[in-house]
């Protein structure tokens, strides 16, 4: 199984969720994060003091899926999250050695 | 401010009932001596000065402060809490600056256009930049031989000119550029607010009308009853908002993205302070601290309570749960509806009016709007426009003395006497006021919004809108927890 | 409102001292002519009208607005800030709707039951639906020959009936169903608040008592001093809250889960606005704008300041750090304690009263409650109940002219004269007021809570409680950042 | 409170213009009989009592409530919103407790030191613990033969003593220990505020000055004009703040870490309530509800609006975007600048003053401070110090009758008469007031801050500061969402 | 070593913490997240507009532990977090190749 | 490639970011978390009720980097985040099997 972590632009969340649903991915976990990278943030000015933060609000999506599903899941996310402008984000793929559904105790594939 | 030939006497009489005996003596002394005072009187100013009561002056000043409280922070919070976090600050900014700009426009030429003699549709420039206004000039009330410092009247009226354009912004929240909005505000005040205020509220005054029975605004002459601004403020803003949201268009993702209020806590604070401030708006519009002001005060209180309860009951039946947003929306609908009727209704009829207004507004806000799919984001039309119309027409009913109302009083004689009330006639007067206001402000608003749309443009870029107006228009965030 | 035979003269005399000379002349003219005015007088209404001062009317109206401010948003925020985020909105909703419902009940029959002649324990229905109240009827003050518009009195008293039941909800916050709470409110007002208000506050009035010395409420007859509602409002609500939290039971996870206040910022805003609004509550209870109102105002200010300082000092000694929550809790305890004494104490004795009340409340809130492990969630009993009792009994001490107090005045003669003050007797009168209030409201509240618990049920399901009342009861979230 | 020999007549005359005829008669009756009333008069108290108007009493009480509103919650929120979340609560706490402590100090000996006869620099202890103040003692206004209950004057002045030290804390926000701050407050009130208040505001009163022309404070004798406290409150606090932030030093990470305001929403609420409350501060300082109070009210309104607009325009030009923080900062700068001029300027000159003050403050806040790199965290000096000086000096210009100002009136005769206005002379008087205030408070503040720094210490440990004062000083968090 | 990520219902956090303490797990990192899955959220109604969000507030727990401890840790979490109703959450197990304690520079087992 | 997760004290974020920049790390993702471990929290007192929370506010940093860069990245973080007092935090190293840049579709090394 794979554990996929995607960093996307906040307003892309709905599209990504739909795309994943299209892939039959039944669940995901979402976290509000701040991203640091090439994209530069808006300049904020408070009483003449300028702040240009590079910490950009992003959404982090975590999805566990079977190894076979992984490529299509990644593709789906990439397609849905893309805007073409800097800051679209990344998709990271990790190995998932085990999964358990708390409610039932089912494990691995059955747990997803 | 009820500003019709007819009803004024109501205040007049109740005043005579309420004035301290010795004052009465003083007053009637004057009256006896010279009937209504005349500008020609040598002792004119002194005579007026002798008719000022410090209790009234205090009442007008504190009422003015209460109406400012309604704009900032109350309205700003009521609106701001309902938008998404990324646009919170833009709402606060829009309301705060509209109030500031409107105040400057008001003292520059607004007061003069609205409250000096001119045609039936607009005043003149004789008091532009407050020329001739001083600490020793006085404004008439609705009672014979009762005056207040003119500066107090100017500032009280100013707070109305400040809040009205601020009410409009809710209709197209989250998607308007700041600078064009400010330009709209100045133009709209000039071509919509001041004329309508003049039409509805200008008149010669209780002691002078006798000699100048035609020196009145157009709708005033139509004898419409509007105690505290149901037409000038609420219908006016409600229609402008509707026109605006239609011309500006829907928000990005409207109907698709969920846009729950970012802080109902702020909305509740705003609604509560609106309620508190509205006593200055309605009871202050009596221009005197007497039994009639107390009536307007209690009517404002109970109509609001009734409307809040009504909205909750409807929600309970419709969705199975009463909500805070529903309660405060109903409360505001009740406040809007009682505004024109506050000095005419009885407490019990005010409660009925509050119930009815709440129900009608609910239909527009929660059903019709969702059906027609226009994006009146914060329901400026649904609450202020609709509630204002319900209140304006309802006033014809609740004002009937047969229902415990204050009726109207004939001001063409001195001292004023009660007039004979015919509900049907009054209803026609009310229809005139509503119709003219809707048409006038609808046309003016449409012209102004289109002009700005085609020149400066009204909407920010898609990206700016998506990022939120706080950052894109003002370079700030509302919260940095 | 001090409503005892005894003290009224205090206001009476100070009024005579304070009234403008010419008014004095006017007044004494009346007096000389006919002594106290009589309802039988042909010129009755006119005579009363001649005794109304617009300064007083303004004071009563603005005081009413200030007391509404105390409920919404002040109390709602003070309470809401102290609960967990998931229940914030339910507190705002409960307070807002209790105020709305109470207002409707008040004008329907509450005012009549509380303030018309009837038995010593309850009034009648003669003024139900405000029958007979108009812009030309007047209410008595505590001074001979001084009146205010009756509508102003009705609305001022209404704000008290609105806030009292709202105070109760803090005791069982985070675990009560909305609809049963509203039903409780209506029933509790009817069987606890109106009777106690009548017992403590009803009397014939300064100009009429002479002829009807027995036309007074039961506790009034006991000559208890309660300037602004220590018994009727605070002890009443405090005991009802205690009974409620015991019958309803503890919150899920009480004692186990940490439940820190979700926003002390909101709590501080609420406390600050409570302080500001309380001037209307206490000084407004004088019903006139004179030197005595100013005394009540300054006493309210300094007692609160002293109580806030005292709580901080205690915390510094007990925990090594003064906290904001401690400061505002102390401030409210001081406000509660000075309420019954505000028009009787001197500023310096008010400070002492504030210190003492703060200390006693601290013991109940921070020590005894944690020992006894009852879940009076927001310390309604610990602050309002206990603070109210301290204030009610302390009034007997600070009112003593020997300590600079205002004492009491004999109203059975016209014009009123100062009475002879015996602290021990007064203390007994205060004990009567406290005892009757505690017993009456305790029994009524217990019966009502049990009745609802056994019928509709008072508590939401465990799951609903865990999810939070905002979503489960109202289908909303307070924040969507 | 304008407290100079010169101008008072302005109020005097406008009063005579404004007073009800019968009152005028009454007054002139007294005047005719005995000219100014004399403390020696047998009928002294009664005579004064006859010169009290309930409209004025109501105005002073509500104004006092409005000024308390300015401190809590307004100032606390305005400041708190601008700091980081971890220090929010410490600001709320500092303001709340400074107000409480100042109130106790004021009634203990502050009022006596400031407002009893003594030397030109400080009063005496004759009214310590409010000895001799009762419900039947009265305070003079600025009009002959017009009085208000002394308690009302004591409490109104108290609110000024409460807010002034609270203003200071913004300069060294996020890095001061609580207890030393409270000690500083008590000492600073005693050695800086009370003396300056006495110098600027103490005088014998309109009816007594004639016989005691030298019984005035030092700066009063210099004939400086300060209607509502530009020197005593704003320059005084602004300079103390500057001295404080220099002696205490910069925050950890100053210039390196970004410290955006944690909640501009709270800051906007605070600014809005400051605006509303400021009407009590400025118009209340007239001590009477007449045309002059209405003038001060409208001037306060429009100067603020103008300053807010000006700041936005400057930001638009300088940074391309107007910001909410800029708008409210400008608004406060305008409020500060109009304070000393509010009863002297005309509305149009008030607008000019607002524009100018906004521009000058912008330069200090947004440019000079960043250049000089001192950490006046919330711009107490940049807004209150600088704005106060602009206003104090500008008053000499806008007060000129040639520009529509109120000028000054000679009080050494009875009744008072208008004086001849020489702008240059007046400017010198204003320079005196500014210079003495700056020097006096600068020296006293420096001594006090150093003394505390070397004894108890002013700053928390680095770790405590990094963790935030909320947890380290008060053991609480502002938010637990 | 293993890196265990658990998604649980917020009100279960305390119980899970106690359970882990019972397993001698000295530390953990907690994040507020939103979960998307089978569980449906409460319907919210604002002025007649209904929202039924599927994004349910959840708590994410991250625990690093030795490979041997992993099974019992997972068991402990599952037991403590279970309510039996939909939405109880998941437990994911990943391989952890290295750990460092910042304060001391200790690595691997010693760092936990 | 490696996926590095570091838990640090909030006020150390800027220093860590600079240190990573020094290592030529072009990006990172930051999350506000609560940490549970040896470090004890401040005692809070609300109306006499004492709370001593062990949930301490921390910052979680996630950095994807090449396997070779990993050691120096970890070192840099450790050096920058250290204060020497309890609660400095941890650095965890996981294997990263794949990375994708959403904007361009580039994968692996090129995606970072």
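Brief remarks follow.
Should a chain be cited, it is by its letter among A, B, C, D, E and F, assigned in written order, with residues numbered from 1 in that chain.
The criterion applied here is as follows: a residue touches a chain if its C-beta (ideal position, glycine included) is under 8 Å from a C-beta of that chain, and two chains touch if they have at least 3 such contacts.
Computed from a predicted structure; not experimentally measured.
Chains that touch both chain A and chain D are the following: B, F.
Taking the definition of touch as given, a chain qualifies here only if it contacts chain B and chain D alike; those chains are A, C. When the contact pairs of A-D are matched by residue number against C-F, D-F or C-E, more than half turn up again in C-F. Centre-to-centre, using mean CA coordinates, chain D is 56 Å away from chain E.
Chain E has its Cα centroid 18 Å from the Cα centroid of chain A. Centres computed as Cα averages put chain B at a distance of 33 Å from chain C. Looking at chain A, residues 31, 44-46, 94-95 sit in touch with two or more other chains. Residues of chain B in contact with two or more other chains: 22, 53-56, 58, 62, 260-261, 269, 319, 321, 323, 325, 475-477, 479, 481.
Which chains touch which is summed up as A-B, A-D, A-E, A-F, B-C, B-D, B-E, C-D, C-E, C-F, D-F, E-F.
Here chain A touches chain D in the complex through residues 44-51, 53, going by the rule given at the top. Interface residues of chain A, counted against chain E in their complex, comprise 3, 17, 26-31, 62, 64, 94-103, 105, 111-112.
Residues 258, 260-261, 315, 318-319, 321, 323, 325-326, 329, 362, 365-367, 369-370, 379 of chain D are the ones that touch chain A when the two sit in their complex.
Chain C makes touch with chain D in their complex at residues 14, 17-22, 24, 53-56, 58-59, 62, 66, 84-85, 260-265, 268-269, 271-273, 275-276, 279-280, 283, 288-295, 297-298, 301-302, 304-306, 308-309, 312, 316, 319, 321-325, 327-328, 331, 346-348, 351, 406, 479.
Interface residues of chain A facing chain B in the complex, by the touch rule stated above, are 11, 14, 42-46.
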